[in-house]
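Right after this note come the structures.
Okay, so subunit A shows up in both of these, paired with subunit B first and subunit C after.
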Partner chain A sequence: MSAVDNIPHIPEKSPMSFRSVINNAGIGIALLLMILFFSVASEHFLSANNITNILTQITINLILAVGMTFVILIGGIDLSVGSVMAFAAVVAGKAITLPGLGATELIILAVLAGVIAGMVCGILNGVVSAYWSLPSFIITLGMLNIARGAALQISEAQTIYSFPFAFEEFGSMLIYGVPVVFLVALALVVIAWFVLNRTVFGRLIYGIGNNEEAVRLAGHPVFWYKVAAFSICGLTAGIAAIIYMARLNISSPIAGIGFELNAIAAVIIGGTSLSGGRGSVIGTLLGAFIIGVLANGLILIGLSDFVRQMITGLVIVIAVILDHYRAKYSAS
Partner chain B sequence: MKLMKFAAAAATSILLSTSMAAAEDKPVVGLIMKSLANEFFQNMLAGAEAHEAERGDYELRAVGMQNETDFESQINAVENFITQGVDAIVVAPADSKAMVRPLKRAMEAGIVVVNFDVALDEGAKEQQGVELAFVGPDNRGGAKMAGDALGAALGEGAKVVIIEGNPGADNATQRRLGFEDAVAEHKLNLLDSRTAHWETEEANQVFSTMLTANPDIQGVMAANDSMAIGVVKALESAGRDDIKVVGFDAIPAVMPMIEDGRMLASVDQFGQQMAANSIDLALEVLAGGPQLEGWVKTPIELVAGE
Partner chain C sequence: MTVSPLLSVTHLRKSFGGIHALDGVSFELLAGEVHALVGENGAGKSTLIKVLSGVHMFEAGEITLDGAPFRPASPHAAKLAGIQVVHQEFNLLNDLSVAENISIEAMPKTRLGLLDRAEMNRRARAALDAIGLSDVDVTTPVRSLGIAHRQLIEIARALQSESRILILDEPTATLTERETERLFEIVAGIKAKGVTVVFVSHHLEEVFGICDRVTVFRNGETIATREIADVTPADVVRFMVGRTLEEAQHAGSEAHLGAGVALSVEALRTTANPAGAPVSFDLRRGEILGIAGLVGAGRTEVLRAIFGADPKLAGEVRLDGSPVQITGPRDAIAAGIGFVTEDRKEEGLILDMPISANASLVDLGAVSRRGLLNFGREREMAAQGGARLKLKYGRLSDHAASLSGGNQQKVVLAKWLAATPKVLLLDEPTRGVDVGAKAEIYGILRDLAAQGVSMLVVSSEMPELITLCDRIMVMAGQEIQGTLARPDYSQERILHLAYGQEQTEERIPA
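Right, the complex of A and B next:
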């Protein structure tokens, strides 16, 4: 018996529906206009090097935002991803600098350690907030401090450095000008898209965001789905940590401060509703591009740091206002 | 929760201090630092603890804070130290204005106060009628040393950029001014100056975009080494080995880069000894030595490759 047939009365808002295509098209058009503006305003913007730069620059935010999409879709939020990334980076950094092992073993060990460290934090976030039905806002705020403290404790607040050469090479490798690390992020987007749209699990993630009670009444273990959503978010923070290390060839316990806000911004700009149940990971991809293009383009046209910060904030506010109208339009 | 833990810890240390002071009568020195998340202050704490063990004639109580801007916890720490009746307070202020008033109260309570690392604001001191010497490195002078090394290596008219620390932070401002002094003296051409908030990843992103906008950059001055590492990685990704980079703090992670030439130089301000030196000065005053005056400069040194 297919589990999907058991879900009663969940308003079906498939991310591939006509409306959602229109929604994503709107974000896509905004991105295109931005690209158009910057390519006119700066001769460097569309250069091959700068495109490579932008792809590298959005990679970490995109990876974090993919995991964040799952959590926001169930109506939650994860404020801890920046700290969890630092924690995972420090754990992986300790692993990769262990003495007496070959480069291959060290890299495998570090990747496993980092990903597991991230996932453990995610599982804890999920279990605590779902079991006691507590707002994830507060639980992940707690985790934000726990993970940061743990990162500082383990590293004794020192930057960890000197990683195997092959690891560093992976971080800066290009295929036809496209950074391999960006391809990793893109692969995660594709996997997440498949999971959200083509699996029962994914449909239930939307279902929980729309009407948790209905999913529960249909006999689905809502608790475990919630834990899974937070674990995925922790997992992506772990992957982001590995990418951070490969790119910069260090692990820093103060990495990722404020990254959660950029990841949430990418998800929201991408049209995923903060109240859950509505949105798509393709939107998140576009949202991450909008933030990255904006950060890059505003430097290229020579705007000052402070003006740049104001404009980025403005874009987030506009995106949320647009989301308000989208919600109204969908409801009517 | 945090507050309660803190209160509990403070209460325990008051109990401990009264019993210990009675037993050994060693002077008690309260050390207040900035963020212990910062490698610089972590090393400083380690240096101070080693110093306490080495001298053995005083008792150290160290307090740090959560992050660079959490100056309220520093104010609380001063008040706790006053309550505990310490003999001296050695403090690296998180805010050069906000800390003046609580420190004035400490001085009125007869505690010897030594201000190190970041100088208290002159105007605020005057307003509160406080006279207090400053023990610390010349951040501006240090940044100028790094900038001078870059200027000497590149020559007049060379195109450079600055990667700044947190806007508004006193040491970030001093270091930027020091870099600008070097720019003026060596007649360098400053193309752009941007913040990367002391952070490696952000410096990497910001600098790679600056490099796209100005491919003819010849030199980079980063206000700390974490950001210099991000710049070096951006240069490696762009395949540029013709651009010279200087940093600040001389953290262990950049030493290999200075050795193999990926970085030109960094500046060591001996953070590890800075707290310890300030404690020495405080103990001298306690032992009846003269009051400190003006600016007691601590050593800074340029760290460059062969």
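Right, the complex of A and C next:
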């Protein structure tokens, strides 16, 4: 059999990642140009302190955006992550301030409580929208309100504080100037990349976003994959809640308002298609960096926060227009 | 009788990318007649309607309306000339009222430029009364009406402006018998008012019931125009098929037919067939059983129900004699059934993914361990599957979208063959595939049959079924009309059954 002759001679490690590198090159170049511009425009931009700042600032958004990538890849959207983060933070805050337990027990309990609270919200989002084939836009809009209300109810609209010292310390710990919380976010990016590119699960996440019916007819349980994508998004909202608490040393029921939009923006700027099936978590990482660098740099060169907001909005629109052409180009 | 025609079409030609949709179409429409257009799917009827209604431009030939050259550049131009079409699929806005739908093309306005609701309702009332539809309230939303009423409202809309020619494209496809009768009464009323009606239908009894003349299409040509009084349904079928029956020869031997029944379907009722006779048949090991029939005859529904792609109302599926419970594609695949779907872009391929990823989609277990993909193994499998099917491609990492139709279809086949099915369901396996690839696919399917794979092939191309299949089952109206064994094959017999013209005793070899 001449099967071997048909195998291309080019080493193909992973067809997906090769493609994602090409797709991400443009975003990476845009980010580099931005960094170049700000480092020329402001002498403080590349200072060690400021870099630490940027990394700290993008951490929460990056964590939320990693989960959001899964949901958007299957063609869904999750508007509830900001509220779910607050809900998870309040649940974890209640757990971590329980009387009569040691610091280690409290921290473990709080992390578990927060992560489980986030996942439960995500599972509900996924089950309801997938079972009845309802638009996740509406279902998660409902969850946005439900989770926010629950957070306010449980906390009686009070901010929770006085956490164990070790927990607070973790939030501000640096390794060679790099915040440990950012390393957590980076680890999530790596795990997500691995899952999306190297596992059957990830393959089918892409597949569902591209052609759900083909995946269903190939015998795969599409319903459970969709639920999984939403629960991963809830899970990352839970993790974001813990990071948020560790950084600010409080847990507030009004935390995370509007965070869902920043997370969606990072995913979209990162080149993931809103209609699903195309994109990568590496793009999401770059997208989160672009938003963070813009926010930081524009303030440093003396523009107001209002102008920063306008420019960020512009970047989102430009990213989607570019994506439109990229999709057209790759289709032809 | 020398009446000058209202509309005359001569030697009309129109092609789409090398395929001649209209290859010399000529016919004349006399004022005030009901004229039927009949022919197989793809014979050119729909293209002609689209040319007449200004959707497509024609390339050669001539159309004259009232003796003057007529070349509609847009649907609007055709409407101005008095040609109205009621399409097979509805163009109604379901949440708007009947009156709003009827006036959608030209909403009446008050002097202030606001919508004149009273005038709109008055016009709609008049339009409905004109076709005898006085029992419908013009203010009700279209959504609350049944299919038949929606159809009639489309007709009322088409007729309210000065229309001289009304084209009805398969108007009865979704109607019950009573509703059809009502439609016919309305058509008779329209005719009495001097409007000329063009009636496209697959149902010959309807054509013979209400039409004055009939024009038969075949392969983009008009074969004959006859007075209905001068012909019989059998004559019309003969025109559709053509005198020369080219019966492609099959290897012919039944040596490859194995012993025993591979798939047995017993009293299957699909959701499209809640009331008709249920479907039952046996598929022998290594047999290729064709299912012929017109679009909408229920062929795809049967395949989808067997595979569990859609829920079924009733019925039993047995594989190798033992009943299997199939509630979804997963069960079917586990039982050894594969399903090559009709529409490879919508249901078969993940176009934005590499060839190798598409080829492994059904049997991902074979290219992974504990959920981790083994890309080397995946490429190897895809290369083997590709070599087996003579797949032509650049790299396995190329997107499926980059392949030609025939090669895309081979990827779909490779995907299913990777799971080594015992029974393969194929829906239009060579649609949109060029002639060379078609022959290759036939070869592949025959090889599979020789290896003992049993196949159920739905196709709208009769030569394909005649070439490929050991037996041909003909469906119409969700029911099996008859089954033909190889010695009985002829396009004419198949068409007779497909148009519900006769019942044939089921003959099963051995």
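FYI, the second predicted complex is superposed on the first by the 312 of 332 C-alpha atoms of A that agree within 3 Å, B and C clash if a C-alpha of one lies under 4 Å from a C-alpha of the other, contacts with A are read in each partner's own complex, and residues count from 1 in each chain.
Simple rule for what comes next: a residue touches a chain if its C-beta (ideal position, glycine included) is under 8 Å from a C-beta of that chain, and two chains touch if they have at least 3 such contacts.
Quick caveat: nothing in here was measured; it's all calculated off a predicted structure.
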{"item": "Touched partner set for A:Phe201, first subunit B, second subunit C, both or neither", "value": "second"}
{"item": "Touched partner set for A:Asn49, first subunit B, second subunit C, both or neither", "value": "first"}
{"item": "Subunit B versus subunit C as contact partner of A:Lys226, first or second or both or neither", "value": "neither"}
{"item": "Which of subunit B and subunit C A:Arg326 touches, first, second, both or neither", "value": "neither"}
{"item": "First (subunit B), second (subunit C), both or neither touched by A:Arg278", "value": "second"}
{"item": "Touching partner for A:Ala218 - first (subunit B), second (subunit C), both, neither", "value": "second"}
{"item": "Doubly contacted subunit A residues - partners subunit C and subunit B", "value": "none"}
{"item": "Subunit C partner contacts - residues on subunit A that touch it in the complex", "value": "1-4, 6-8, 10, 12-16, 18-19, 198-201, 203-204, 206-207, 210-211, 213-221, 277-278, 330-331"}
{"item": "Touching residues on subunit B, where the partner in the complex is subunit A", "value": "36-39, 41-42, 167, 192, 194-195, 197-201, 204-206, 208-210, 212-213, 226, 229-230, 233, 236-238, 251-253, 256"}
{"item": "Subunit B-facing residues of subunit A, complex", "value": "42, 44, 47, 49-50, 53, 56-57, 60, 148, 152, 156-159, 161-162, 172, 244, 247-250, 252-257, 295-296, 299-300, 302, 305-306"}
{"item": "Subunit C residues touching subunit A - in the complex, by the definition given at the top", "value": "307, 309, 328-330, 332-334, 339, 341, 346-354, 356-357, 361-362, 364, 368, 371-373, 375, 379-380, 383-384, 386-387, 394-397, 399, 401, 415"}
